[in-house]
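Think of it as A, B, C and D in the order they're written, each chain with its own count starting at 1.
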Amino acid sequence: MASSNDHLVQSDDPNHPANLIPSLCAKFWHLGWVTGTGGGCSIRDDDLVYLAPSGVQKELMKSSDLYVMSLAAQSASLFKRQRIYLREPKGLKPSQCTPLFLAAFTKRRAGCCIHTHSQWAVLVTLLLESQNKNVFEISHMEQIKGIGKGFEKSGNLGYHDTLRIPVIENTAHEEDLTEFLEEAMDEYPDTYAVLVRRHGVYVWGENVHKAKTQCESLDYLFQLAVEMKKLGLPWIRSPELVNLQAQYK
Amino acid sequence: MASSNDHLVQSDDPNHPANLIPSLCAKFWHLGWVTGTGGGCSIRDDDLVYLAPSGVQKELMKSSDLYVMSLAAQSASLFKRQRIYLREPKGLKPSQCTPLFLAAFTKRRAGCCIHTHSQWAVLVTLLLESQNKNVFEISHMEQIKGIGKGFEKSGNLGYHDTLRIPVIENTAHEEDLTEFLEEAMDEYPDTYAVLVRRHGVYVWGENVHKAKTQCESLDYLFQLAVEMKKLGLPWIRSPELVNLQAQYK
Amino acid sequence: MASSNDHLVQSDDPNHPANLIPSLCAKFWHLGWVTGTGGGCSIRDDDLVYLAPSGVQKELMKSSDLYVMSLAAQSASLFKRQRIYLREPKGLKPSQCTPLFLAAFTKRRAGCCIHTHSQWAVLVTLLLESQNKNVFEISHMEQIKGIGKGFEKSGNLGYHDTLRIPVIENTAHEEDLTEFLEEAMDEYPDTYAVLVRRHGVYVWGENVHKAKTQCESLDYLFQLAVEMKKLGLPWIRSPELVNLQAQYK
Amino acid sequence: MASSNDHLVQSDDPNHPANLIPSLCAKFWHLGWVTGTGGGCSIRDDDLVYLAPSGVQKELMKSSDLYVMSLAAQSASLFKRQRIYLREPKGLKPSQCTPLFLAAFTKRRAGCCIHTHSQWAVLVTLLLESQNKNVFEISHMEQIKGIGKGFEKSGNLGYHDTLRIPVIENTAHEEDLTEFLEEAMDEYPDTYAVLVRRHGVYVWGENVHKAKTQCESLDYLFQLAVEMKKLGLPWIRSPELVNLQAQYK
């Protein structure tokens, strides 16, 4: 059946999901977010979910490499771990990230979910591990304004808000992360991202635009956080600093 | 009315402001200066001011996304916070940076103003904050020669000059930075840039060429300053060093 | 004879080895893996071995610059250090890496071997040298899953496996590394890479795809390891940490 | 007269100096070697010297922006500081680097000279300054083999050679560096590069290929040296290490 649905990934529109996923993955490869086939990206267009396959060189992906799934059909299936594809590429394997992407689509109605192995994300989880922490917190950074207020809320976080991104422990098999990702979503209902210890980050958004720009803003903050640690600067602005600042103005 | 002025952003000349802003923004995205829709750029061509919109992916901006304003009409308006556009793109919002760009155009007759969220700029403001300082100072660097002497002065700074860039505190709303930016311009009349704590930097110049090359020179110096701090090297060359150098020659 | 075999490097197929080597080398130059003519790449297609020449600017290499060799003819030769080429480019010299690439092809049946001078690889060997060690070890990193289990084994390493890459000492002449590389292969029969102290790394794989993605995964891990050292984080996860993690969940 | 010689910078050959200088400068801009109009490049083709102008954005340079000079005519001139151009671009100014490029051409018969403001070069000069040193020394690095043995010597440095690059102090005017550059050339007759404190580096070679690849190799070593300093690793391998290494083999 799958081969009969090749039209699902054929379009002249550069903004069609089947064209966007390859161009985004190439962009992410150049940013160092996806490397050695790690990382990935999925887009949901109403009921249709477009998925990058496993094991492909991310800067060389083609539209014809993509899987397509019906979210409704998948959700209705009694066997959650069995995937039902509308379109399957020949000679490739589905991504182990699939159930994690689906969690963002079903639990948060996301339109796009990005998974990176960014070294900044990994280093942040390592720095938190050495302090026995499982949430990343940073405050008083303009770039925080690039992140939305949360699920079904309009508008973005403000400069004075503290951004909190939960960290879940890594598992041997990526699929097994799903329940922990869902738990983190329940515990942090407004988060648009979950860090995975020694692994990377999952970031989503209402649409491709929001998922991508939120992923950029978070990666920027993760990199900044690592550089701040090297320079001995704290991630949360000291309350005393506020008074000092008022004073020397 | 706005839609009737689409010709203002239509030109075959790659050096037309409506074409330059998208190509510059794409370049700045690749340099990491503007990310997650943060940062921006505006060009003034005589009375016409071309402005990048809010919330657009900077590497994907199009000429048709730009706002155009008459500087004279805007300045003559009794309601400073109300913007009067000659041309407005559909479905987009004006940038919160607009009044800051206008400050550079009106107070310094700049032809171009660039706003980056460069991590080097942010880290410099954090390092200064930890020392309770609100001015960045660096001396004896060749790249200082890339910065002009100041408003209505001809020529550039010399190798022996100390470069000073004021730092203003960030505000919850970007528009509210305007008065502090203007104060910093008054206090440092020859500066071509103002750093914003935990946010980034505004850099301007007489024309696009000068704004861009000054922004590059400053970003180079900010990055160098951060690396120097990691290596324990002071930003201002020690006066004792001069004698030592003379001695070992 | 050589000039008569130009057809060996002429193909319209971008995936032909004679076209892949130049495009891979250009990619590696942009990644900083090969610079100042250092580093290189070779592909084996059944019996035919395609080799980048010595001393060429890697981002400017052309198909016509390549050497081609018969692996069987070379292996049958009584004089191992004498090279027999099916095709030689005019005015160029063979790469000193040739016998090292051949070792990967003959001892491990590799289809592609990449040699980088990546600074991360070099820094890892320097950090190990300062601890008197000749094997790089890292554990509990998702990216480890990008590396195969080993020679004639199917599947990849898992998250809980410790990745071990042997380090050999550098020699004055690159060809003289061959016996040490082969010794390291014997001692670590499942390794897909050998680090060379103060020099770089050799990485191979069954085919171009696997060699390239393994090289990317290793370079990612070398960079991460250097950044971890700057931040005081150990390369091997502490066993105590496991208990602590279980406890705070 | 100058305008009559436009044919000197007009060629369809991408390897013509008038085409190579713009393409090299664009490449160097992307490497971060030339920024904010700083840095530059000159090529000598027999008696003709092609020079990038002052103050141009390096990634946007055009063939028509170049100056051309006769080396013989310039050398025969009684007034060394007066430049005699065969071809001058309109509306531009000659580079202050001109006499430094000429020094490489006349004293070392170089075919190309590159001047970068690379931050790694600048940081190396700062680290040496803090130790009161005016020569950069590094040993036991494979990439040293990318540098030639010296003026009128054939072959390249070996792995066991110590690379030495002299550092001269910066001056207020770039032209005034010339005599110090020439002094350094006299003191280190085999060097292909001179570092300039708090400024950058001049690198040359017999031809474009050698100047560029030597510049890449040196920049690689400068970056490595800075990273080594951050990690507490010495630039010169300890003599004791040799014995230890022999021992643990």
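Here, a residue touches a chain if its C-beta (ideal position, glycine included) is under 8 Å from a C-beta of that chain, and two chains touch if they have at least 3 such contacts.
Source: prediction; values computed, not measured.
Shared contact partners of chain B and chain C, listed by label, are A, D. Rounded to a multiple of 5, the Cα-based rotation taking chain C onto chain D is 90 degrees. The greatest centre-to-centre distance from chain C, using averaged C-alpha positions, is reached by B.
Counting every residue number used by either copy at the chain A-chain C contact, under half are found in both chains. If you average the Cα atoms of chain B and of chain D, the two centres end up 31 Å apart.
If you average the CA atoms of chain A and of chain D, the two centres end up 44 Å from each other. In chain B, the positions touching at least two other chains are 230.
Interchain contacts (touch definition given at top) occur between A-B, A-C, B-D, C-D. On chain C, the positions that touch chain D within their shared complex are 35-38, 57, 117, 119, 122-123, 126-127, 129-130, 132, 134, 169-172, 196, 198-200, 226, 229-230. Against chain A, in their complex, chain C makes its touches with residues 140-143, 145-146, 158-160, 209, 212-217, 219-220, 223-224, 227-228, 230-233, 237, 241, 244-245, 248-249.
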